[in-house]
Every structure is written in structure tokens, then in C-alpha cells.
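What follows is a set of structures to go through.
In what comes next, chain A is part of two complexes: it sits with chain B in the first one and with chain C in the second one.
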Partner chain A sequence: MTGSFLRKRSLWVIATLVVLFLFPVFLDRFYVYLAAIILLTGLCATSLNFVLGYGGVYQFHHAVFYGAGAYGTALMILKTGLSPWLGFIVGPVVAAMLGFIIGLICVRLSKLYFGMLQISLGSLVWAIIYRWYSFTGGDDGIHGVPLPDIISSPNGGYYFTLIVTSISMFVLYRMIKSPFGSALQGIRDNPVRSEMIGVNVRLQQLLALTIAGFFGGVAGALFVVVDNTVFPDMMFWTVSLELVIMCLLGGWLSYLGPMVGAAIIVLLRTYISGITVYWALALGIIMMLVIFFLPNGVLGYLDRFLKKKARAR
Partner chain B sequence: MLEVTALSKSFDGFKAVNNASLSVKDGEVVAVIGPNGAGKTTLFNLITGVIRPDGGKVVFRGKDITGLKPYQVCRRGISRSFQVVNVFPRLSVFENVQVSVLSRQKKTWNLFAPSSKFAVAETEKILENVGLTDVGDATSAALSHGERKVLEIAIALGGNPEFLILDEPTAGMSPEETSRCIDLIRQLKEKLGITILFCEHDMEIVFSISDRIMVMVHGSTVIQGTCNEVRCCQEVQDAYLGGSDVCLM
Partner chain C sequence: MENVLGFISPGILSQILVGLSRTVILFIVSSGLSLILGVLRIPNVAHGSLYMIGAFMAYTVSHLFGGGTTGFWVALILAPLGVAALSFVAERSLFQFLYEREHLMLLLLTFALSLVFGDLVKLIWGAEYRSVPVPSMFQGYINLFGGLPFPIYSFFLLVMGPVIAILLWLLTNKTKIGKISRAAAVDREMVGAVGINVNWVFAIVFVIGCLLAGLGGVLVAPTVSVTLGMDHTLIMEAFLIVIMGGLGNVWGALLGALIFGLTQSLGILIWPQFGIVFPYCAVVVVLIFRPTGILRSTW
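After this line comes the complex of A and B, so read on.
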């Protein structure tokens, strides 16, 4: 990789960030809200892809950590008199701990069995949250979580989301490029061989699952900031399915794929839901089209297209 | 260096390895030969911890390593290449070897520094030694079969092993690739002082590079000895040549 290419890439990143920072200046409140939701959903999908696309782990119920982060944050703010900022740390930590525990149980299983067990354990967590009225508010969820003044306005919430998402995306990127990330991708490609070269596969995966849980939790905490509510269906398994679809749609082998996928899904959901109640039908059709025509996702397709063009020149 | 005694493993009553014994001394090249299905690969799997033996012992450098996990065996200094190409298909050739070096250097828990800072010189050295420098940036899926077999060995070398197990290193290679691969194995022994245990069907290769040969039939050790001892062993001739009394080769 040449230096000029690197510089070019950082230019792109800076330009994108500048545009995102200017969003509230020229966009309506609704679109700012939508942009914040896209960012945090994209972060959640990226954290899933950390283990799915880079780790080769079939994490089928990632929304549990998203929900755990949100509930952890909201309950911490509501139930204790401590600083709300502490809630934003506790939420992701709770999610990471949950990621560790569920990972510990599931990691000895491989591929589909991992996914199935994970869905069951995640559904268990969902059921507890759904039923425990006295503590979690049950299926009513929690509304009107009191936030610090600086982030309680729509624009404040948006900027907070943008900053936290950018930092998280950067950290996850660094982790993928680190020796840890190299080993993780080795495990994805060939767990048997990874073990033969001295990698403790299960332990490596467990740490990855904990990290993924943490950043899923960060996304959940951001949802509390943007939407001011939490509800059990945040961690219903269909949400996890949507997250997986985001990764596949955007391209699970490219770092920004899940973010792109999240943007497409959130936008489509917002607009199609306005037209028809059968949003799931549209989602199913999109999924089929992706599998048939874009097996490497939107970014995977673009990548191949650009390379072809570069070679033709 | 490696002492295998009375190792056994059955699969559903079929005795894949039955009372096999083997000894490898420091700096030696030892070949395991035997007809198809004799249990050579199973023997290697047992030594490297891929499967657990039903009985018997594997002692490496005086320490019992029977039943250890593959990553633990690897950390003791035993690396292995596979008969069927078993690499990391989405990683580049360079990364394939690098991940192995990183693993040996115990860097896989480093979360924040970029991989490109570590293990680069050593990885390049290994690629140069095996002659894969030119294709370092290609993904391993883009290599020819022969190159992939060499990459197999390169990944194993990433562990900087004292003891290297090669499962049919030249299988499926063209004649030129085969002779280059043999040169490589010789170099590993002579320049790097690596002790090598390998299995191979090509008798010419076996007799030209090994110090001693172990013959396996139906999962059991028939004989282990020098090339000459093995050549004229009656039981080996029975197994290979159906009882004729002509010396092998």
C-alpha cells in the first residue's frame, strides 16, 4: 500500500466526518434523528461483523448486547442517583459481561450449533427483560430517561452519537488490523490450522465476543441518548436477523460494509414502513436479491467493480 | 527427541493405529512409509494432538505430551504441514505466514498496535527461504497447487519449530516442484537444524533424504531402521511387493 493511497483514504474519512458534522446545520430534525439512528445501528452491525465477518463466529443474536447496553445505561441512570455519564460506561460493560458469559457457554460449539445456542440464550435474556416488570418495566420499556443537558437536545444527541461512533469505529478498525485481528481472521479462514500454529482458538474467540458485546452495548447506550427510550423488542431475535442482513447486504468482508448495510436498511425501513405494513416482505425480497446478485454485498461489488475498471485502464 | 511408544487409536472398532512405536533423534530426517490406509496421517494427528490416543505415550524432549491440545503441542516446538492443503484462503501469502509467526511470538493478544509492525522481517525471511517472496501479496487461493504445498510448509516454519512433521509434502507436485521441495527439506535440515518427520509415497524421495525409515502396515510399526535395513526386510517386501524376495529398489 502506498503512502499516497493512505493519505487519500484519511482525506476521505475527514471529508465524511466534516459532512456528518454539518448535517444538523442544513437538515431537518427528523433527518438528524435518522442519521443518528443509522450511525448507531451501523456501529452495532460493525461490532457484530467483528465476530461474524472477521471472526467467522455465527453470532446470530447480537441484538441482545445492543439491548443489554441500552438497559444497562437506562437502569443505571434511573435506579441510582449517580452521574448519568456513568450509565454510558456501565451499559457497555454490562453488555461485554453478557457477551463473555454467553460466549463462554457457546464458544465450545462450532458454526451453526453456536448460532442456535446463542439464539436460545439470547431469547432467555429477552424473556427476563420482558417479564421483569418491577425492575425493567416489562414490555412497556422505559421512557423518558433523564439525560445530561448537553446531549439531551436532538443536535446534542446527534453530535454525541457521531463522536462516540467515530471513536468506536476507529478502535474496532485498529483491533482488526492488530495481531489479535490477524489471528482472528486466521481462525475465520481455518480454525483447525490456527490451532496447529499455536493459537488458542476458543480463548481468542471469547475475547472477540466480549469486545463485540461491548461495542454492541455502546450502540445500545447511544440509542438511549437518541431515542430516550428502551424497550424489550430492541433485543428480540428479529432485530438480530436484521443486523446479520445489514452485514451481508453491505458486504461482510469490507470494514464499512455493515455501516452501509445499516444505512440502506434503516432508510428503507423508514420509507417502506410509511407505505405498507409489510416491511418484512420487502426485507425478504431484498435479502433474496442480495444473495443472488451481490454475494459479497454492496461494498464487495463496488470493490470488484473499481478494481476491474482500474485494470482496464 | 521424539519417542512414541505403543500408540493406539480406533475409530468405531477399526484400529487405525495399533501399537505403533517410533523414535526420532535430534537432527534426523525420519520417514514413515506404508500402504494407503496404514495410519500414517492418523499417527501424525495423534502426535500433534488433533485427536487423542486410546493408549500409548508420546514423549517429546523428555516430557510427556500425550493428549495435549494442538496449540499446546505447537508451543512445545512441533509444527506440522498437511497432506491436503490446509491454509488460510482469504489471507495473502504473506499474512498466512505472518499469523503463524505472530502466534509463536505470543502477539495475538495485542489489540491496538498494527500487525504491520510485527513479525515482518521474520516472515519475509521465511518466504525467501521457501521461494514465495514473489507471490507474497497474492491470496493463497490464487496460488498453484505446488505453491500452496510450499506455503503449507512455510506456515509450519512460522512456528520456528525444532521438530517439523510433513504429511506428504510433495503430493500432487510436478517433477520440478518436487525436486525444489526436496532441496527445501534438505536445507531445513542442514541450515536450520530442524528435525523432520515426514511421510511420502515416492520411494525415491524417501530413500534419498531420510536417515531412518519407519514402516507402518495396518496401523502397526513393522520396522524402524536405516534405509538398508528397511530395504531388505522381509516383512516390508511382503507388504509392498506381495512376498517376492527382490530387494526394494
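After this line comes the complex of A and C, so read on.
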């Protein structure tokens, strides 16, 4: 039973990947770009959900790691003469280190305190990057980051994003299913009990925060590949809360929820900002509707709907 | 005077005074935030938007009343009330249904509201810079400590700060509603069980907190250019102050605002480019030694 189910699921995964792989063949350039943005935003939201949904840690300012990965990559490529590929490793590592440092300061605090201190420290990082004109380009950001030839074309960038996102999503999935992932979920559900049975709560959470920072950084590095720019607003606190909304909208109790949420938000933003300048108003109203009527997200709702149907049969 | 202040140059002194008058604004806004956080446990991201709306309302009201001194005094009363009315509507129609849910949902709701408010301000007042004139009785400078010009309006702010602090302290410690709200912050079920309508207490506290945000907006309006986006930086600063001072503690908010305002204004003097970083560092240092803030929080 489980075997056939597993095989069925891997079939779905392979089918989706094939479709995604064929995107550039039958879609034009703008949609390929949009698909790449969805993939990397989805990866960022999934890495956030790794600590928020599975770890129960209120990481309110996750975009900092997204930005740190992007800045780390871009600055490594621009300021050193080393191979650009090295930049794609340095960016996420910088983000992971930042995740570790911010985590170290915040992890002693409980939920809401954690969230507020984390959002404040994240704003500090934003403020430094915003002001440090000589190194980061200040509020102008960095444009035209030179990339290796193979990924500098739109399709090349898309394939690179697709491959890296797939690998990262797989690794994160394995982590959630590992003993470490179980410990994390145990801490979310009952921290006191986890502590009692010998789980080092803070160490596990710190580890999770570092990992989440790393994959947030990977998403940032991918943004450099796809968009060729970096700017401080990538890590402004409103972006972080948008990421949280993606998790909520898609459903943070399902692994693919944040990815679905990212797809919905990115598509809506693209189309609504085409019609009106009041995109924030629309997003605010969507958020309210989700909070009141879809607390488990789109996937959570689908899941319950399908189960109800199966029972009725 | 010369002897006491011999080692402090007039430049530093005026910078401290400027920092102090900014502290007053920070204190008024963050005490409202702290009140709401302490009693209702809502991390109100929309607080900054209410501050911005207060400033814009002050602009409209003061221009309706001729833009002079009368306009300012009318705005000082009407604009916070307008903000309070707005927050009352928000509380009754949205927040009251979410108190049972997780904090995260409340945070996201306030974020959604801040997005909506931001765009409504854009819709109503547009994206231009607005200015509110300093009332004529507070115009001009006085000379301090031998030839140091200091704006009179800043003095007015320096007086307002302690007045608000004392009023708030009286409200939370000497009135019935304050006592109930402090009890509700500790154990809301118990307060409900003894027959008090917690729901309305929450609504009143929420409205008072938001009124303070509006008041901060009105008071800051003559000193800055009123524009979109003035909420974004302020709300982060207010959060930091509240965390530093201890959630729900009025004196904590005052202390936090003092530390924040002074490190900011002195930081700019020491290292102009990164003056913005100093208050954040102060917050980190404080929280490493006292993770739940300097003064006792309500929960």
C-alpha cells in the first residue's frame, strides 16, 4: 500500500519536473523569467517554513538571509577576481553564518520575543547594507553582475534555478523526514517535554535556523542569476512578512504549501500591479481573507476537501 | 554652568537636546505599542501606519482651520480622535475575532492592515510631501547656555513627554479600567470568570494605544515632512524600544525611548554614516544581559 503510494508520488514529482523542464520550449521569455522567480521565491518560503511551520520558531525576518545570499554572491563575483561559481557557494554560506549569529542572540527568547528581536536585528542588517555605499552600493544596489556564460541567458538561468531549487527542495524534504526533523517537530509541539526526554532544544533550533538561513541564501543567489541585480529592498521587513503570508496562504503544514503560496502571490503581484498601483491594498485584503477563511492554506483546504470526499465514498 | 559643562561642547549638548525631543515622539508612539502588546498581546505592525495617518490628518485639519495656531490645537485634539475611531472600527470588525488564535495570525492581520492603510493614505493624500506649520507661539529659537539656539517647539515636546507618561501611569495604576487591563494581561480567563467583560476592556485599551500613535503623528508633523513611508522606519524603532524596555511597561517604554533617542543622536555625531546602527547595538547589548527587557514586563 505505502509502496504503491510512494511510487505514485515519485511519478508525480518526475512528471512535474519534466513539465518544468519543458517550459522554455513552449513559453516565451517573460513567462520563463516569471517561472524562475516563482521557483526561487518558493524555495525561500520553503526554507522559512522549515523553521516556522516545522520548527515553530517565529522567524519574522527571513528576507535578511535571502538578501545576504544575494549580496554575498554579487559582491564575491564583483569584488574578487575569483571564479563566479565560487560566489554561488559564498553567498549561501554568508547567509548561513548570519542565520547562526542572529539565531544565537535570539534563540534564548520565547516565541513573540524571539520574533520581535529577530525582526529588529534583521532591520539592523538592512540598515547597514542600505548605508554602506562604498561596499554595497547603498540604496542603488548592484546592477549587471557578470555571470558565467552558460547561465547568463534567460533559459540558462532558468535551468540553473530549476536544478538548484529541485536539489534544495529534496535536501530540505529529507531533513524534515530525518530524526533531526522529527526532533524539530517535537520541539514545536511540546518544548518542555522534548527537553525532558533529552533533546537539546536550543541547539536543534539553532541548527534549524542556520540551515534555513543557508537555503534562504541559496534563493538569494538564484535571484542574482535570474535578475542580475541586488538591492536593499530585497531584505526590507515587509518582504519577510510577505514570505510568511506565502507559507500561510499555501498551507504551512504541507511541504509544498509555501511553494504554492509563492506561486499565487508572485502571479497575483505581476498581474495586479499591471492593472493598478494599489497592489499593497489588494495584498492586504487577500491576506485578511486568508487569515479569516483559509487558516490552513490552499493545500490544507484541498487536503481536507479530498479526505471528506474519500470518506463520503 | 560653565564649570559643570566644561567638558561637554555646545554641539554635543544641542545634539543631546535634539535627541531628547525626538525621544518624546518615540516614547509616545511606543508606549501605545507597549500597552497593546502588554495587554492584548498583539504585535501591532499597523501602529506605524496609524502614526502616519495621524500626521496626515493633522495636515488636513490644520489646513481646514487656516493653518495657524488654532489649526494646530484643533488638529492636536481631532487627529488622535480620528485615529482612535479608525482603530475602534478595526478592533470591532477584525481583531476581536482573532484573540483566541495564535499570535502569528494577529501579527499578520496587523501587517495586512498596515498595507491597506498605506495604500489608503496614498489614495486619499497622494504621494507628495506635506508640511504642517509650527504654531506661531512655538516658532523661533531661544538661546541656551550662552548662545545655543534651540527651537521652542522642541521644548514643547520635552514638556509633553513627561505629561503623557504621568497620565499613562495614572491610567494604568489608578483607574479601574487600568487595573482591569493589567489583570487581564496576566490572566484574561480569570478576569472574565469574575464577571468582567474582557472584550470591551480589550477594545478600550486597543483604542487608547492607537490614540497614542495618532498623537505621536500629530506632534511629529511640524518637525518633519509628512510623507508616505514615514511609518516603516518608525515601527521598527518602536518595536525595539518596547522590547528593550519590557513589554507593557510604561516606564520601560520611556527608558527604552531615552536610550534609543540618545544613542541615535550621539551616534550620528560620532560616526555620521552609521549613526543609525548605534541604537540597534544598544538593543543587542541590553538583551544579552536582560533578555526580557530592562524593566519587568507584564507577561
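Keep this in mind: the second predicted complex is superposed on the first by the 312 of 313 C-alpha atoms of A that agree within 3 Å, B and C clash if a C-alpha of one lies under 4 Å from a C-alpha of the other, contacts with A are read in each partner's own complex, and residues count from 1 in each chain.
Note that in this section contacts are C-beta pairs under 8 Å (C-beta built on N, C-alpha and C of every residue); 3 or more make two chains touch, one makes a residue touch a chain.
Predicted, not measured: the structure shown is a model, and the values here were computed from it.
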| item | value |
| --- | --- |
| Touched partner set for A:L241, first chain B, second chain C, both or neither | second |
| Which of chain B and chain C A:V94 touches, first, second, both or neither | neither |
| Touching partner for A:L206 - first (chain B), second (chain C), both, neither | neither |
| Which superposed partner A:V107 touches (first chain B, second chain C, both, neither) | neither |
| First (chain B), second (chain C), both or neither touched by A:D189 | first |
| First (chain B), second (chain C), both or neither touched by A:R174 | first |
| Partner contacting more residues of chain A (chain B vs chain C) | C |
| Partner chain(s) touched by A:A263 [first = chain B, second = chain C, both, neither] | neither |
| Of all residues in chain A, those that touch chain C in their complex | 58, 60, 105, 108-109, 111-113, 115-117, 119-121, 123-124, 127-128, 131-133, 236-238, 241, 244-245, 248, 277-278, 280-281, 283-285, 287-288, 291-292, 295 |
| Residue ranges of chain A touching chain B (in the complex, touch as defined) | 174-175, 177-183, 185-186, 188-190, 192-201, 204, 207, 253 |
| Chain C residues touching chain A - in the complex, by the definition given at the top | 41, 43, 45, 94, 97-98, 101, 103-105, 107-109, 111-116, 118-120, 122-123, 232, 236, 239-240, 242-243, 247, 273-274, 276-277, 280-281, 283-284, 287-288, 291-292 |
| Contacting residues of chain B [partner chain A, same complex] | 48, 50, 69-71, 74-75, 79-80, 82, 86-91, 95, 98-100, 102-104, 107-116, 118-119, 155-156, 158-159 |
